[in-house]
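Lettered A, B and C in written order, each chain numbered from 1.
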Amino acid sequence: MGVTVLQPYSVPEGQTGPQTIEFLAKRLLALGAVQASTFIVDCETFIPNPQHGTPKTVHVLHNSEYPASTFAVLDTGTKQVPLVADALFDLLMLKMAPAHTSKKQTKIESKGARFEYGDFLIKLGSVTMAENFKGILLEVEYRPCVIPSNCWELIRELLQGFLGVSIPATIPPYFNTPSIMSMNHPKSSEIFNPNHTKQNDVYQPMDTINQYLEHFGNFRKQTMLSGGTGIGAPLRS
Amino acid sequence: MSTLSGPISTAKDALSQAVQSHIIPNQEYLLQGSILDSSVEHLLHRLKGLCDNVDTGPEPFHDHEVCMSLRTPNQMALQLRVRRSLDCDAPHQLRYIGQAELGDRSRPTLVRSSIDVACTSTVMDFLTELGCRVDFEYTNRGYMFRKGRMKITVSKIFKTGSNKPGEMGPEPISQSYLVELSVLAPTGQDAIGEEMRAFAEQLRPLVQLDKIDYKRLG
Amino acid sequence: MDSLNNALSAIKNLRSSVGHVFEVLANGVQAHHGDDGRDSKFLVQFQELFNNVNLNLREVESVINGLTPPPAPFNLGHTAALAQETTDERQALYSQLVNSYKWVDKIHEYSFLANNILNCNSLRRSYISYSNKRGRLQISSCNNTSPQHVDKVLNELSLNSLQTNYKIWRPFGSNAVVIVNIGRILKAAIVFKGVMIEWVTVKGFDESLDVDDLWTESRYEVFRKVQEQTHSAMLHFFSPTLPDLAVKSYMTWIHSYNKLFTEPCRRCGKYLYNALPPTWRDLRTLEPFHEECKNC
């Protein structure tokens, strides 16, 4: 388990998504990376039935990197409660189905090839929502390191190297949120330090999920804004 | 990118496949009974001799269990239990238990559907935010034995959070121990019931394990 | 040779029989000859013995006649030298002695020089050091020290650093194994023999490293590389005369890995080279370098 950073990549003008992905894959192979199977991260969102009080949505995500786990995030609007559980949680979710229904048209996933380059793990994901291509999301994981702030520069250099674009020097905003991973160190004094952000915390698989959720949210918003044609639009990182 | 042309199977696909091929243990076969504190030593000795963990001895446990329900209008309440270990660092256990089926006299054990999920400690927060309300909670402490697929627990149930001042430790709910014999198995493996009945027969002189009908108790 | 032996034993027989004759004559007439006619009896005995002597004499003569004169003088080995001259003036010993003395002197000189040269090079694993002073007993042995001393050295180390923590184990009797956590970057198991570092295993922060399994390599390439570097530094820092200082400077050096992922290479200015961060730390300045950059 290492640190993972997600990076959206906008499809250049006049090119299709698959073309761009193939182009990036060729670059990775030229760099010396080796393809090692495929990956998929999917997200399904359950919303409560309208007669059911406050709007609390539940996002259920799966990551093929952690095949035995199901990740769930409960969004109350003010706070998010994460939950990591066995894969059987999906069955339990079905039991709760009367109270929550899945919005099929918002089911979103990112899938594609998975590359190994030294200790790096690079995934070229094409994001699809209800079978429509939405954009490209790159995942870069540096496996030996567990603290995001320690290896951000490494990951940034790698991204710049093979994407050929300039990446902002600051760590993605997700890592600047105050740390809430108190569940693992309930007694640690670090938790009470307001300056202590996620970038100085030990990275958890849940952080990958949260990042995916954030980016999936962006893709969905984009779809709503541009009326379903989000392809090629410049993306905010 | 030839490798991309094939479909990438999702976790959902894998799960539904597992459900279809009946490999998910979602049925609990259960027999229950109780034994007075004064005689529990005899039962423990007998179980030590009968069960698999002869060399290691019985496994002690000390758990805290919270029973919650999710109520929806026009629907039966969904009951969920969260269990966590108080004596060792283990994932929390989220459990759904369905309606118990007693069946007729020919059926050897009580059968109820059950989904057992290990999860992180955020589960209590998660369920509370989801709208679950706590029905009751308790702690139980005792020993666990194994015999093949069967699990035998001998445990004492304590009230939580109701300590009278000056009293040491939590207050036990009764003067006896709860004895449970259970197996978690995939659907359609009813043969295990007979095995359980045979084992219960071995304990007959000390404890009578039976199908307990909660509705009749209420 | 057999005939010679026969001749020698025949002579021995002759001598003993002659000796017997003289013995009997010296004793004179004895009591066992009886009272009457004892002179004649004595005479008979003497005659008998004398005949015996004659017989033996004849035998010696016949055996000697049978001997062939040896073709060459016998090789007598060192005994031949008995007859030689032994005075100093006649021997050539003196010049030889002078020569061998010169050689011994040269050997001394060269070994002294060699010792000096080897002393400049610290890549030695043995703790024996030669010196001009004789009878020096205080060789500071670094692989046979008391466990208390090792504990003391290591405790001093753990007091000095905040980010690094040390755990000391003694799984194999008195020799210590120290598990070092450097920040939240890496774990290292350092196996000591006395105060001498014998082995280092480096693993990632999220990998398990316990005393039962000190020899499995890290699953990450970067830590396998760092382990190689720690081994070469282990040889560099080894000092038989100041073992405590050697351990301390080694620990200072290894502690510089707490910035393994956060410092770019001092030469090329980049973080990555072949997908690896700078894994080498300069032994004096502790500056980071890629393995490929350190020698250019």
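The rule is simple: a residue touches a chain if its C-beta (ideal position, glycine included) is under 8 Å from a C-beta of that chain, and two chains touch if they have at least 3 such contacts.
Because the structure is a prediction, the values reported are computed rather than measured.
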Work out the mean Cα position per chain and let me know which chain is farthest from chain C.
-> B
Could you say which chain's mean Cα position falls nearest to the mean Cα position of the entire protein shown?
-> A
Where the centres are mean C-alpha positions, what is the separation of chain A from chain B, in Å?
-> 36
What whole-Å value do you get for the distance between chain A and chain C if each is reduced to the mean of its CA atoms?
-> 66
Between chain B and chain C, the Cα-mean centres are separated in Å by 70
Sites on chain B at which at least two other chains make contact | none
The chain C residues in contact with chain A across the complex are 184-185, 204-206, 218, 220-223, 261-262, 264, 270-272, 274-277
Contacts from chain B onto chain A in the complex sit at residues 1, 3-4, 8-12, 14-15, 19, 24, 26, 70, 72-73, 75, 78, 80, 94, 96, 115-123, 125-126, 129-131
For chain A, which residues count as touching chain C in their complex?
-> 1-2, 32, 117-120, 142-147, 150-151, 153-154, 157-158, 161, 202
Can you check the complex and tell me which residues of chain A touch chain B?
-> 18, 21-22, 25, 35, 37-40, 42, 51-53, 56, 58, 62, 64, 67, 70, 72, 74, 76, 81-92, 95-96, 98-99, 109, 111-113, 183
